[in-house]
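Here the structure is laid out as structure tokens; the discussion comes afterwards.
Here the chain labels run A, B, C and D in written order, and each chain numbers its own residues starting at 1.
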Amino acid sequence: MAHEQHQQLLQTLSECIEECEHCYHACFQEEHVNMLADCIQLDRECADICAVTAKALSRESHFTKEYLELCAKICEECGKECEKHDQHDHCKRCAQACFKCADACRKAIA
Amino acid sequence: MAHEQHQQLLQTLSECIEECEHCYHACFQEEHVNMLADCIQLDRECADICAVTAKALSRESHFTKEYLELCAKICEECGKECEKHDQHDHCKRCAQACFKCADACRKAIA
Amino acid sequence: MAHEQHQQLLQTLSECIEECEHCYHACFQEEHVNMLADCIQLDRECADICAVTAKALSRESHFTKEYLELCAKICEECGKECEKHDQHDHCKRCAQACFKCADACRKAIA
Amino acid sequence: MAHEQHQQLLQTLSECIEECEHCYHACFQEEHVNMLADCIQLDRECADICAVTAKALSRESHFTKEYLELCAKICEECGKECEKHDQHDHCKRCAQACFKCADACRKAIA
């Protein structure tokens, strides 16, 4: 992976973590938390795997490819769930960050 | 914390993670790994607490202040150790990122 | 710390992680998730710090004491919140595991 | 997965974390750290994925299967590396814990 692509991927992972954790927190302030249960849980899953993947990538872990694959999968799932609730600005922004991150992970593997 | 300060802190934490993990990996390629044992271990401690702190900050965790305090402490220690080995470019850059991050964490608490 | 105390503390941390993550998951299945918002968020905070602390303890990290202090604090807060919802068996069990773990962390520091 | 199998798997993951972090720390005290560079790095990778997997398992994450697969893979690699250094008691014990954990993860998926 070229240096510039590496830097962009780290930036994209970092933004995805931020949007997921923000969405996670904001969901608990909404009126109907029950309807956001899947969203909250996926936000956490996604922020966690993005953080683990960013660290693995930066240390050139032997398992970077595996982390990127799993990260792409979880980002994709989280994006699909958040998209369903795009009347909430935090879900809308989170979905965009997740899809962008899923894409960047897949490109990095290819 | 103002929005802009928050964004800058997340950026600084992200750069510190990257430099620490990079330094961690690069130390293992050096001739005398024994002399870098403390550096390697602190690089890991530092990358890990920065990653945890960035997530806590983004979700407005009740424990953000505590994480920032511990993060500042570990960044400071890691910076001091890396500074000793600044003949290695990765250690030099890591020290700078760590001190900058320790500072940013302390300012965010104040 | 004596070897036996160390082993018991790791066991206690491990049980606390399990109860917190189980409670986290079970809360989302309850009828009124809104009322469990704080519980869910603390369950996550607690499971995460316990996992980080167990690893730090096992590698004799320089920051074990700091991690144990923060772990005790978060376990205590999580236990207090879960205790309020002890009509739910998962909250009741989680509160017990959290208080036990807070105690064990404090004893290990003393 | 039956309750008893679940409990045993969590126990096995917990023991693997402990042995990996202990081996990680002990390797830095050995005379020839250079020769243990791969071992140290895999110890960290393994402890980290085991901790993430134990939490995912306890909260019945949608991605438990994926985490177990990656965990089995990393445990296997770490076990193979540690096995090469079984003149060190910490490496020998770590290899055993890793192979046992890889096995338990694979059985849980099957």
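Points to keep in mind about this one:
Methods note: a contact is a pair of C-beta atoms (placed from the backbone, for glycine too) under 8 Å apart; a residue touches a chain by one contact, two chains touch by 3 or more.
Protein names from UniProt, one per chain: A, B, C, D = Four-helix bundle copper-binding protein.
Quantities reported herein were computed from a predicted structural model and do not represent experimental measurements.
The contact pattern of A-C recurs in B-D, the pair among A-D, C-D or B-D where over half of the contact pairs coincide by residue number. Comparing chain pairs A-B and B-C, the larger number of C-beta contacts belongs to A-B.
Annotation: 26 Å between the Cα-based centres of chain B and chain C.
Under the contact definition stated at the top, the residues of chain D that touch 2 or more other chains are 41, 48. The part of chain D that touches chain C in the complex is made up of residues 10-11, 14, 17-18, 20-22, 24-25, 47-48, 51, 54-55, 58-60.
On the side of chain C, the complex with chain B involves touching residues 41-42, 45, 48-49, 52, 61-63, 66-67, 70, 73-74, 77. Put simply, chain B touches chain D in their complex at residues 28, 31-34, 37, 40-41, 44.
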